[in-house]
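So that you can tell them apart, the chains are marked A, B, C and D in the order they are listed, and the count of residues begins at 1 in each.
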Amino acid sequence: MINLMNDYNSPGHPAILKAVTGAANEKFPGYGTDGVCREAKDKIKALLKAGDRAEVHFLVGGTQANVTAIGAFLRPHEAVIAPDNAHINVHETGAIEASGHKILLAQANADNGPAGMGKLTADGIRAICLSHTDEHMVKPRLVYISQSTELGGVYTLSELKGLRRVCDEYGLLLYLDGARLSAALASRRNDAQLPDIASLCDAFYIGGTKNGLLFGEALVIMNESLKSDFRFLQKQRGGLLAKGFLLGLQFDALFTDGLFFDIAGHACKMADKLRSGLEGLGCGFFVNSATNQLFPIFPNHVIKKLAGGFLFEKWAAVDGSRSAIRFVTSWNTTNGEIDELLAKCALYMAD
Amino acid sequence: MINLMNDYNSPGHPAILKAVTGAANEKFPGYGTDGVCREAKDKIKALLKAGDRAEVHFLVGGTQANVTAIGAFLRPHEAVIAPDNAHINVHETGAIEASGHKILLAQANADNGPAGMGKLTADGIRAICLSHTDEHMVKPRLVYISQSTELGGVYTLSELKGLRRVCDEYGLLLYLDGARLSAALASRRNDAQLPDIASLCDAFYIGGTKNGLLFGEALVIMNESLKSDFRFLQKQRGGLLAKGFLLGLQFDALFTDGLFFDIAGHACKMADKLRSGLEGLGCGFFVNSATNQLFPIFPNHVIKKLAGGFLFEKWAAVDGSRSAIRFVTSWNTTNGEIDELLAKCALYMAD
Amino acid sequence: MINLMNDYNSPGHPAILKAVTGAANEKFPGYGTDGVCREAKDKIKALLKAGDRAEVHFLVGGTQANVTAIGAFLRPHEAVIAPDNAHINVHETGAIEASGHKILLAQANADNGPAGMGKLTADGIRAICLSHTDEHMVKPRLVYISQSTELGGVYTLSELKGLRRVCDEYGLLLYLDGARLSAALASRRNDAQLPDIASLCDAFYIGGTKNGLLFGEALVIMNESLKSDFRFLQKQRGGLLAKGFLLGLQFDALFTDGLFFDIAGHACKMADKLRSGLEGLGCGFFVNSATNQLFPIFPNHVIKKLAGGFLFEKWAAVDGSRSAIRFVTSWNTTNGEIDELLAKCALYMAD
Amino acid sequence: MINLMNDYNSPGHPAILKAVTGAANEKFPGYGTDGVCREAKDKIKALLKAGDRAEVHFLVGGTQANVTAIGAFLRPHEAVIAPDNAHINVHETGAIEASGHKILLAQANADNGPAGMGKLTADGIRAICLSHTDEHMVKPRLVYISQSTELGGVYTLSELKGLRRVCDEYGLLLYLDGARLSAALASRRNDAQLPDIASLCDAFYIGGTKNGLLFGEALVIMNESLKSDFRFLQKQRGGLLAKGFLLGLQFDALFTDGLFFDIAGHACKMADKLRSGLEGLGCGFFVNSATNQLFPIFPNHVIKKLAGGFLFEKWAAVDGSRSAIRFVTSWNTTNGEIDELLAKCALYMAD
């Protein structure tokens, strides 16, 4: 079976594994207070061109990063604004609400083209703020976006600047969930670089789990007022790894010699190859994504046959006879796998 | 100024005040352990025809009743299903989320006629249940409705039975917010009586604050599995009044000689008189409500003039020149006040 | 039966009841936005000699006041320092922890004389601060004291200044639970007046429930940094009373013509009379209190006989044959009741 | 520098690293739904001799395991009983309270011999239960112990049975924090085996992080009533690792060919060697521990010299001139390191 189910289906990129096993005989201080963590953080700060304005914390996973950060930033009556497809709204078992905060669902751009794909708009945010007027309602305080989005969308630099403006207008924090930030950066459609993200967001995280690491997310806090005592919150939520140096070792390797970009670049290249091939076969798409996630539409009988040799996720029924499925490429997706998938698609679609 | 702003704008019905002041020289045990509370609860149980299957607790206010009950009934990963206009969703400052639970917004019937007015439907509930399939999502567990609804709608007995069926189908609790239950019961459109409510709901509360009391809501728990240790939860949330006998005195009076129904009956009668009069003037309505809340539509210049002599709430703009406003009648609304309001409406609409 | 069980056993002082019933025919805006609340707050500010530096909020009960205030003031990792007999530690069903905050128990002065009675000491606070050194532990942030204490103790002005100094030294907030602040102010042992309390505490509340009101506590926030958005928190916790004007009417009456001090003064006078009488009978005391709570020690057979005609709380066994009980006096305790109690004590002790 | 600071100072045991890297080219389903996790869980169940009565969940770290389990098991008003030195009480930044639950501190056995070392006693638990009598107080519901304890103590089988009895008597759950369970099992003083633990506890976890794993704790739930929906809670707290198979791979290796016991056995053997050597030098101990943690007492000038070549934790001042320090041995502690340490101790103590 060729596995295109997701981008976290194998232990990790060889260079990452090597970084961990290479330190097998070393001993380190605990809880991320070691020198390797410091060096890895310095590499990230350098990439962000942010110097010490950026405060970096390593966490194990995405849900943990989101709930720890958002829970640390908000007072009890303050709420999050997010699009309804947001990972925190649908796929984190109510972790944000469990930490006490309401998620207000803003109208997102439902268009399936590059401008849409569930991206939040300044108007959607503004509408939420205008309708929350007194102490009988929660107080909107933080805007949550993901880059790339759940549907593989990419916010352009101009769109991000628009979000920043509406945040400034209403006193909102801008938080970016970067579980797949690397894929967005590697997208041919992207024009917002890491220093842009750092200058526009109050906080964001750079995902590692979906970009070659065993595990790990690097949270970056840019807004000075959000920094104090973060490690207390991290510990309280169970997110301060005893062997924090494992995160340091991995992120240090990830940000050495451009590995971070190479991994995502390969994944996007494989996705582009797959997309071109499918377009050549006359295949349509659920959304026009340009990252490592593709959502092609096939007749159901084709999907059934594909399932015999490939692992992928069923996404949504399009009509009575056709459905969208999701292919996710990764650092370990090969040209040969894509070729074989395309060959099988051609074969089954011709039936 | 004639005040039709809401139904909690004066201390309380004379009989309620008398019940409190009449006990001025008595002494009672604390925290609702007194005999008057017991008697008042017995009167409620008798009305519900439920005997000791009903467990009654007195709380001070509606938000407190909702959050204490729902927080007591749910485990951390369990969620509430509610219509988007639900009081707990909009007007309680995220109290449910602050207690850790997500509110899932079900499609409500948006029709403005009796079937609609924001009422939840079995299909809306079913759709939520079908889309929550695994541990990455919250688990729907409790359906929240209000009777009467925020827009003065009244669930019929048949509709309530339909909700009960879908709750049974998916293992859901049915909770009814009865802040204005008395107005629903007094509505000419109502066919669900208190014993019906008790037999169909797992828990509900009978509102006192909006029906003549100084303050007070009577929570009724019918489902045996939800009863244990409720007073612990009530105390923990700050909802166990030291002078609990004040609640007993008031509810005892409210459920003596039919006062509960008289108060709501008068309020609905005044609303019906107002509605008939406005219809006679050719006035349209935002929704076709039949309780003590009316939502007439007027030209904006009429609204401006009315505001000179009457207190009411501006509800929603209908178009560029017309808006809906809300009139709420109460035990203290007089025939004379309605006559004067209708006269002024006739005058201003003729301008 | 003569009731000396507690100071919240009857509806309220006649002047308070009159204030409420006197407004029976008036109509008010909701949620404490009315003019009577404003006037009552102005009277409190004047008494505090604090002007607009004091922000006043009315809440219904003490647990509600404590958890709403402390929950509003702290970030998730911040903890409360309290003596182990603190009401929030023992008698509020874990409300503070339910809002997410740990209570750290500081060594209190266990002496039974005026300096002790469970009062917190600067050294006890300092020890807690010195042992909380990093992010693996909570961060001490707020000192909770009650005036008068659970055992009827009264902090002197000098002691309060000492607590303030240690708070300043370690960056701690000082919060005073004043459920029985009036009894402390009326104590013959007191030398800290309301303006002293206001200048030394970051926040405190002036209890009404135990000083003649139907219900109600007036929270005063002095520290500017703690004021923002408090009404959001109050609403979220279910503590924003719909008929907020009922609190305004009562506090306005309480702070008119010295009623606040008269009520507590009478209660303390009755307690002093009772204490003197008991001392004359050779009775010992569990602690040397000087407020409206007395903790005399009697042989168990005397207690048994007293229970036939008087309501009081059994406090603690002293040895195999003697126990301490608690008598609480109030505005409605009469000279005749004290005389009768003393007569019976004399009689039973002589047996 | 020879590192005896703790037992989580290096990436992991070679066999564990090999298990992870050996699967580098495999692909797995996400979130622990893979076959390797299943096999690892089966091996644990077999060791426990519990069959499917044991439900096993893999979590990343100890704080996460504790707060997820305890938070899943308790209702909001229910409290934890623990000794005051409990890890959850002191060193997890109030995580339990942040999840809403109070920790009640029971009197522990303060003796420094085997029976003591901070171990909880049945009498201590009973006293807590007897003093919590009504709904104004939290309800004790879960007893937390750690095996081995924070001070290296080991509960005997007889002691564990005594705790179970008092738990049954008062309707309490017994939860065992096994961060260092392996060291307890390997202790020469131990007579409670894994099947005993499983039959006596309602839930417990078997620590991996401190016994050779990169990370990972295996939570075992024995009580049927505590099992439902645990994965929801795990996800909600951010504790459901995307690459859950990494936990499966490690635990599978740990429970293959006795590695679990070999690792802990070596650590305890090194500690025993160190203890014997120190005793031979006339060294005293803070407590009489028999696991992989030792707490020798040295003159401060000796400690100062030792710090030049060894990493260890300063534990507590004993008097003006002597202090206790902590040495922790691990799978990677060598005979040579212990020899060198003993030599230096001899040298410095002779000065």
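A few notes on this one:
Everything below uses one rule, namely that a contact is a pair of C-beta atoms (placed from the backbone, for glycine too) under 8 Å apart; a residue touches a chain by one contact, two chains touch by 3 or more.
Everything numeric in this text was worked out from a predicted model, so none of it was measured.
Fewest steps needed to get from subunit B to subunit D, stepping only to touching chains, is 1. Ranking B-C and A-B by contacting C-beta pairs places B-C first. As a whole-number value, the distance joining the C-alpha centres of subunit A and subunit B reads 43 Å. Separating the centre of subunit A from that of subunit C, both taken as means of CA atoms, is a distance of 52 Å. The distance from the centre of subunit B to the centre of subunit C, with each centre set as the mean of the Cα atoms, comes to 35 Å. The multi-chain contact residues of subunit C, meaning those touching 2 or more other chains, are 76-77, 92-94, 98, 100, 135-136, 138, 232, 235-236, 240.
Across the complex, subunit B meets subunit C through its residues 3, 5-6, 8-12, 14, 17, 20-21, 23-30, 60-65, 67-68, 92-95, 98, 209-210, 214-215, 232, 235-243, 245-246, 249, 311, 332. Those residues of subunit D that touch subunit B in the complex are listed here as 31, 71-72, 75-77, 100, 135-136, 138-139, 229, 231-236, 240.
By the touch criterion stated above, subunit B contacts subunit A in their complex at residues 76-77, 79, 90-94, 97-103, 105, 135-138.
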